[in-house]
Amino acid sequence: MNQIKTLFFATLRDRAGVKSVELEIPLQMNVADFKTLLIEKYPVLSGLINHTLVSINHEYVFDETIIPERAEIALFPPVSGG
Amino acid sequence: MNQIKTLFFATLRDRAGVKSVELEIPLQMNVADFKTLLIEKYPVLSGLINHTLVSINHEYVFDETIIPERAEIALFPPVSGG
Amino acid sequence: MTTYPTIFSITEDELDLNHLLEQITLSSTGASAIFTGMVRGTTSRDNPHETVYLEYEAYKPMAEAKMKQVADEIRERWDTIEGIAIVQRIGKLYPRTPTILIACTAAHRDTGVFDAARYGIDRLKEIVPVWKKEVGPNGEEWVEGDYNPQLGE
Amino acid sequence: MTTYPTIFSITEDELDLNHLLEQITLSSTGASAIFTGMVRGTTSRDNPHETVYLEYEAYKPMAEAKMKQVADEIRERWDTIEGIAIVQRIGKLYPRTPTILIACTAAHRDTGVFDAARYGIDRLKEIVPVWKKEVGPNGEEWVEGDYNPQLGE
């Protein structure tokens, strides 16, 4: 299994009610499957997940990206800084 | 006669050795004739005069402009601020 | 060989333009273009509304990495740029407060320093993970961006 | 009705960017573009040379009138501009010192605020009666501009 850390920001943190969580996921899981897993765990995120950006270790990633071991994954809406 | 004040800046001041001078000039004199008069008074300016900007009462003027009464005339090289 | 200063940070402190500019000014520098964004109290365009304050949050280590990336992108596009400073202020910020700054310096003003700053602020707003919750007279809501980064961004 | 602030001055004092920006930021302001020019110690382009210091002088009342004119020209061209600050520092100024500033503010960054600042600095360098004498390791000379104002400028 792969021990990862997941961070939630902005809308996603407010909705899930959690800032960060440590999870065990299968090795070689891709981001699309990870999103499915997350929605099972946090059904309240289901309406947001298609509008969510995902980063791994501070780089943007996409559905087909394989999650490396001990990754720091972050989930957040399109950015609105400035 | 028209009593005017003439100011010299930058290269022109250094060359003429004067910052400002009060002069009496004929009424209705234009700028071209005034330049001629100035070169008679300050021959050292003759090499610079074609490269000199002239203002009257804080506005740029040209050879054909008639000098109004009690004008403040300034002579200076193309500006180089910034 | 001169090394060119690149400053980037996420901070809760007031932006000090004088100090930031001083840090990116070299002996060869003759020009700077600086952009700042401020909290608007009154917005007229699109959806007119009043803002009491904005609450900014950042994913700090990734935000600083993306700021560095924006600086690198600027240097790839304009090799005339000398110093670059990028600062995002976070926390609870009231109208009229500067919240973001990007400053670029160069020897001369006609070699892209304005374009570089403009490019920089556009990119910062696309890829730097910072968000703001807007608090108005009638409640609060997260402001949503609309850019989806592509692979490699 | 809002009146938009326009600040212009010739000064011997240090430029304070924070204070100038604060003075032209309204509750409706969301963006500023600021240009500063600095004294270069080392110039590589055209005629490479070293500068020990520059000595600036101005025809002050006309310079302030022409700064106001530049601000008016900006407002004619970009009706989105809210505040404008223009300051020229004069006196004996050493490398790395900011000597001129033009700042424009607007509600949003995409309505000409960068172009307005760019236009402003180009015009200031054409029509504002300020000159500088350059003092280098081998003596001093007046820097010459090359723009000839036309009737009505």
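Per-chain numbering from 1; labels A, B, C and D assigned in written order.
Rule of thumb we're sticking to: a contact is a pair of C-beta atoms (placed from the backbone, for glycine too) under 8 Å apart; a residue touches a chain by one contact, two chains touch by 3 or more.
Keep in mind that this is a model prediction, so the values were computed, not measured.
J.: Which other chains touch chain A while also touching chain C?
T.: Joint contacts: the list comes back empty.
J.: So how far apart, in whole Å, are chain B and chain D when each is placed at the average of its C-alpha atoms?
T.: Between these chains, centre-to-centre, one finds 26 Å.
J.: Chain A to chain D: how many Å between their CA centres?
T.: Chain centres of chain A and chain D, defined by C-alpha means, are spaced 49 Å apart.
J.: Roughly how far is chain A from chain B, centre to centre by C-alpha average, rounded to an integer in Å?
T.: Each chain reduced to its C-alpha mean, chain A and chain B end up 74 Å apart.
J.: Would you give the residues of chain C that are in contact with at least 2 other chains, written as numbers and ranges?
T.: Within chain C, residues 37, 121 contact more than one other chain.
J.: On the basis of the stated criterion, which chains touch which? Give every pair.
T.: Result for touching pairs of chains: A-C, B-D, C-D.
J.: Residue numbers of chain B touching chain D in their complex, please.
T.: Going through chain B, the ones touching chain D are 7, 9-11, 14, 51, 53, 55, 58-60, 62, 74, 76-82.
J.: Where on chain D does chain C make contact in their complex?
T.: Per the touch definition, chain D meets chain C at residues 15-18, 21-22, 25-45, 95-96, 98, 105, 107-109, 114, 117-118, 121.
J.: Please give the residue numbers of chain C that touch chain A in the complex, ascending.
T.: Residues in contact with chain A: 37, 56-59, 61-63, 65-66, 88, 99-100, 121, 124-133, 142-151, 153.
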